[in-house]
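We just call them A, B, C and D in the order they show up, numbering each chain from 1.
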Amino acid sequence: MACSRFEYVKLFESHDRLLPGCWAVIRLDGRCFTSFAKKHSFRKPNDERALNLSNAAAKQVLKTFDNHLVLAYGQSDEYSFVLKRESNLFSRRESKILSTVVSMFTSVYVLMWSKFMDVELQEPPTFDGRIVLYPLTCHLRDYLSWRQADTHVNNLFNTAFWALVDQDGKSLKEAEKLLKGTNSKEKNELLFSQFGINYNNEPQMFRKGSLIIRRPGNEGYEFPKRRRVDQPSNEDHKGTTYLVDMQKDLAPSDDDYHVLHTDIIKDDFWKQHHYLLWPPDDSPPRIRKT
Amino acid sequence: MACSRFEYVKLFESHDRLLPGCWAVIRLDGRCFTSFAKKHSFRKPNDERALNLSNAAAKQVLKTFDNHLVLAYGQSDEYSFVLKRESNLFSRRESKILSTVVSMFTSVYVLMWSKFMDVELQEPPTFDGRIVLYPLTCHLRDYLSWRQADTHVNNLFNTAFWALVDQDGKSLKEAEKLLKGTNSKEKNELLFSQFGINYNNEPQMFRKGSLIIRRPGNEGYEFPKRRRVDQPSNEDHKGTTYLVDMQKDLAPSDDDYHVLHTDIIKDDFWKQHHYLLWPPDDSPPRIRKT
Amino acid sequence: MACSRFEYVKLFESHDRLLPGCWAVIRLDGRCFTSFAKKHSFRKPNDERALNLSNAAAKQVLKTFDNHLVLAYGQSDEYSFVLKRESNLFSRRESKILSTVVSMFTSVYVLMWSKFMDVELQEPPTFDGRIVLYPLTCHLRDYLSWRQADTHVNNLFNTAFWALVDQDGKSLKEAEKLLKGTNSKEKNELLFSQFGINYNNEPQMFRKGSLIIRRPGNEGYEFPKRRRVDQPSNEDHKGTTYLVDMQKDLAPSDDDYHVLHTDIIKDDFWKQHHYLLWPPDDSPPRIRKT
Amino acid sequence: MACSRFEYVKLFESHDRLLPGCWAVIRLDGRCFTSFAKKHSFRKPNDERALNLSNAAAKQVLKTFDNHLVLAYGQSDEYSFVLKRESNLFSRRESKILSTVVSMFTSVYVLMWSKFMDVELQEPPTFDGRIVLYPLTCHLRDYLSWRQADTHVNNLFNTAFWALVDQDGKSLKEAEKLLKGTNSKEKNELLFSQFGINYNNEPQMFRKGSLIIRRPGNEGYEFPKRRRVDQPSNEDHKGTTYLVDMQKDLAPSDDDYHVLHTDIIKDDFWKQHHYLLWPPDDSPPRIRKT
């Protein structure tokens, strides 16, 4: 009963290496989370505890692949992880990266459930995922802007919707009908005039989503600790050097991560955290054999 | 802050449809499970409770995608799910299928941990996965044979190895050295002469792995309930009809599944369960628009 | 000016291996051939010389990759080549196979132009191409049936259309309008009643397209000369042997090929030439390392 | 004999869209050109006529896809075409782009053969091809540098090799052995001391290869004639505009193209022709629905 006779079946496996040099976004989405949220009595329009649970799961993924993932951004039941351009994680094999990230996120979500939620878990929460490649930093920035703009649009709608339902006694259908076709300004006004809610005072986490990054500069840790690496150089390119993380062996702890609820559409954040999207497009990221 | 300006980033998403008409195997593997097993005091050479936990997770996946997955085969920390040729699950999108199956398996594994194991979960168990396409039924049969032959080879080695360590007081290195280069017959003899173990009497689950299939024929349920479907026919192909499941809306329960520990390399099992690998290669599976 | 500094750019090349064990069809289509045909005064509804030129180009491709391509089928300005399941041509690299076949076909088309056509070549004829995988023999049969049914439909229409234009003095628009919405029977009747044309007497090449296969059985050549190859066998599979071509080193000549204009939708042809679609689906094609 | 019954076979076709926003290089290579060159008495170490024939074929490709291809670089029997980042040619379908370019190049190569060569064409010249994606402009620059460095290395070797054979009467084996392990400097010295050849005076075309670009600035044509296009703008991105070609409908002629034999490794050329690699990495290329 030797294996060797059957081993040829491995030849059907495909190479699914992500194109080198591109940013890659791994995005997870909750499967049937409308029903899952209802069954577990998630608060409306936002359940802060469930969001914090998601953030905890995301942190674990970031910690585990600290030298490969540069940041994570989440809202509602979705989370996006940004893989560094230079990363050679699992030789950039798409299936392996995708499945490992989805599995780990799910695992922590279930494992830590009771820490955050006071209702028992009734059914296995499940996430699906996909990986999207972005060749340029501007594409990646626009991807993150897209998700944050989506957070805003959804949250404004949901805030108005549940105010109508919970405070005004409207049915779901009535609330839907009342909001249909309204623009942002109208929803803001409705919230203020009818419910005394100034939308801009709503919690930042709800309005901006959650961005998790490695915390720079705490004791003994000066971020980014990078060493200069000499590229093979020639006349024209001489002096091209760049910096890589030195923290490979320092296992990060939860405290090493910031959860921020801040604007990532405008340039300000990115100017202050310029090192995050490094190396810039005009400085060749190292491409390594996989 | 409209989304529309950024929505072009969706154009970077790729189509990753699995080739129609092929069998697809979704195979999961535990990540760093040697260390995970040690940390959670898994019994050696096999931890029956952990295997049963895996089987429970696999059952949940099968139940959920009952009309799409035909069987699952597991051993140690790996599990393979066979997607029907005709399945149009998630429009056959590879990432969606892979991530959902891995996530659900992981979710149940954590959720049911305490039902099966008496040690507390210390860290999030994680699985990676991949999907492999097999065009012909003989390829799929050989894939399953490969995994079962691998189960045998590993289990015989591990049984001998841990007998040497646990009963004979050998160190891990000594046991490894003693077994190096021995063939199956020699390991069998060593087990019998030194430890009085007749390998063939070892539990079937350890020697054959676990195969899970939909249980046919229990009360009120006659498997396979298929209705004849008329294919578009012409002179040459007339009469080509085939059968499809009618159970779409009957949500199956755990009792509807058999966990078998049986030989799947020889033909016997497949002759008795001929409907599993249906339709045969010479009867065209329906290919549907996705 | 050493190359080595830049060689990393090769890491961006992708692996594009065709799934093993599948039939692969390489289909070429003329680019802008309506205009090309007009410019070179192709006869309507069919230009026999141009079809023969295409056939000559296809023969050259078949001859060159004799052990890899099992047949070719052409009509109008398109040609399909069937790659054997077992073929490991160029390690099954999709781009290499596609580009080589398209290039060679084009090259012969131009090179032999003046042998077949009496008008000078005004512009470079260009073909595009694609490769489609078919897991089962029934899929491949249906692919070929699809192309031959298309030949029939197009040719019947074109025969009626050009009869109206050339013999009846109708304008292109009038002819189009007259035929719009007519079914096969009505077109047949129109041809017969107005023009005395019995469509079934039209040349087979126009109605059935051209199928090119290796000629069996001429002097000293008994097709298929295959030798038995022992597969790794075991109890269940013992005796599985099959046959492979022995002609590897015999460079075939044009005479070794048949151009047939025959029905390939019904089973008759395939029963008579059963060896063409060999090995059958239930006999595992050899999968080799690439 | 309707087509519809078989049309499902189209569902097996795959989507093979090139990742948007990336540069794409289509590289062609002569198939078995060592033997082809010998059979057609190509001059050694370089056949200027054959190189000019290649250049003519490349020009035709550039002319045809003028708004999509930004430049072409060729040496020996290979040619690379650079597809613009923004190009939506054939909806970026890889197979269609690859096959069309290879076919057109081959077609012109055969069609114009007798204009450049004085020996009759004995066999169909064939080229294979592949497409490689480069996310960043620096990657594309390095790709082109790689090809030009390769041109230099090969040409220096070949110049020395054929001097030893043709002028010194060495056998092919002797010449090979003499050059084995020598560096550039040693080959230069050998050429100068033994054959009085100053390598730097060898023809630029042989040493630098051929770069073909659209000719700017001839009568009535001011390159690059681009019009400003307003991007959807917001606070942060406001003013982002860029330029697109206005020449879409002006069919270019051969005279509109320059064949240059110049250094493309150093920055000088690219500074002078900054518009070629436009838009720069930090200005988002338009991504359009395909």
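Observations on the model:
Here, contacts are C-beta pairs under 8 Å (C-beta built on N, C-alpha and C of every residue); 3 or more make two chains touch, one makes a residue touch a chain.
Source: prediction; values computed, not measured.
A rotation of 180 degrees, rounded to a multiple of 5, brings the CA atoms of subunit C into register with those of subunit D. Seen from the Cα centre of subunit A, the chain whose own Cα centre is farthest off is C. Of the two chain pairs examined here, A-B and B-C, the one linked by more C-beta pairs in contact is A-B.
Interface of subunit A with subunit C: the two copies contact each other largely through the same residue positions, with over half of all numbers used appearing on both sides. Note: centroid distance subunit A to subunit B, computed from Cα atoms, is 31 Å. Between the CA-based centres of subunit A and subunit C the separation comes to 49 Å, rounded to the whole angstrom. Distance from the subunit B centre to the subunit C centre is 41 Å, each centre being the mean of its Cα atoms. Among the residues of subunit C, those in touch with two or more other chains are 5, 8-9, 12, 14, 19, 21, 133-134, 139, 142, 265, 287. By the touch criterion stated above, subunit A contacts subunit C in their complex at residues 4-5, 8-9, 11-12, 14-15, 17, 19-21, 232, 234, 287-290. In the complex of the two chains, the subunit B residues touching subunit C come out as 19, 21-22, 133-139, 142, 235-236, 265-267, 280-285, 287.
Within the complex, the subunit C residues that touch subunit D are 1-3, 5-9, 12-14, 28, 31, 60, 94-96, 98-100, 102-111, 121, 124-134, 139, 142-143, 145-146, 149-150, 152-153, 184, 265.
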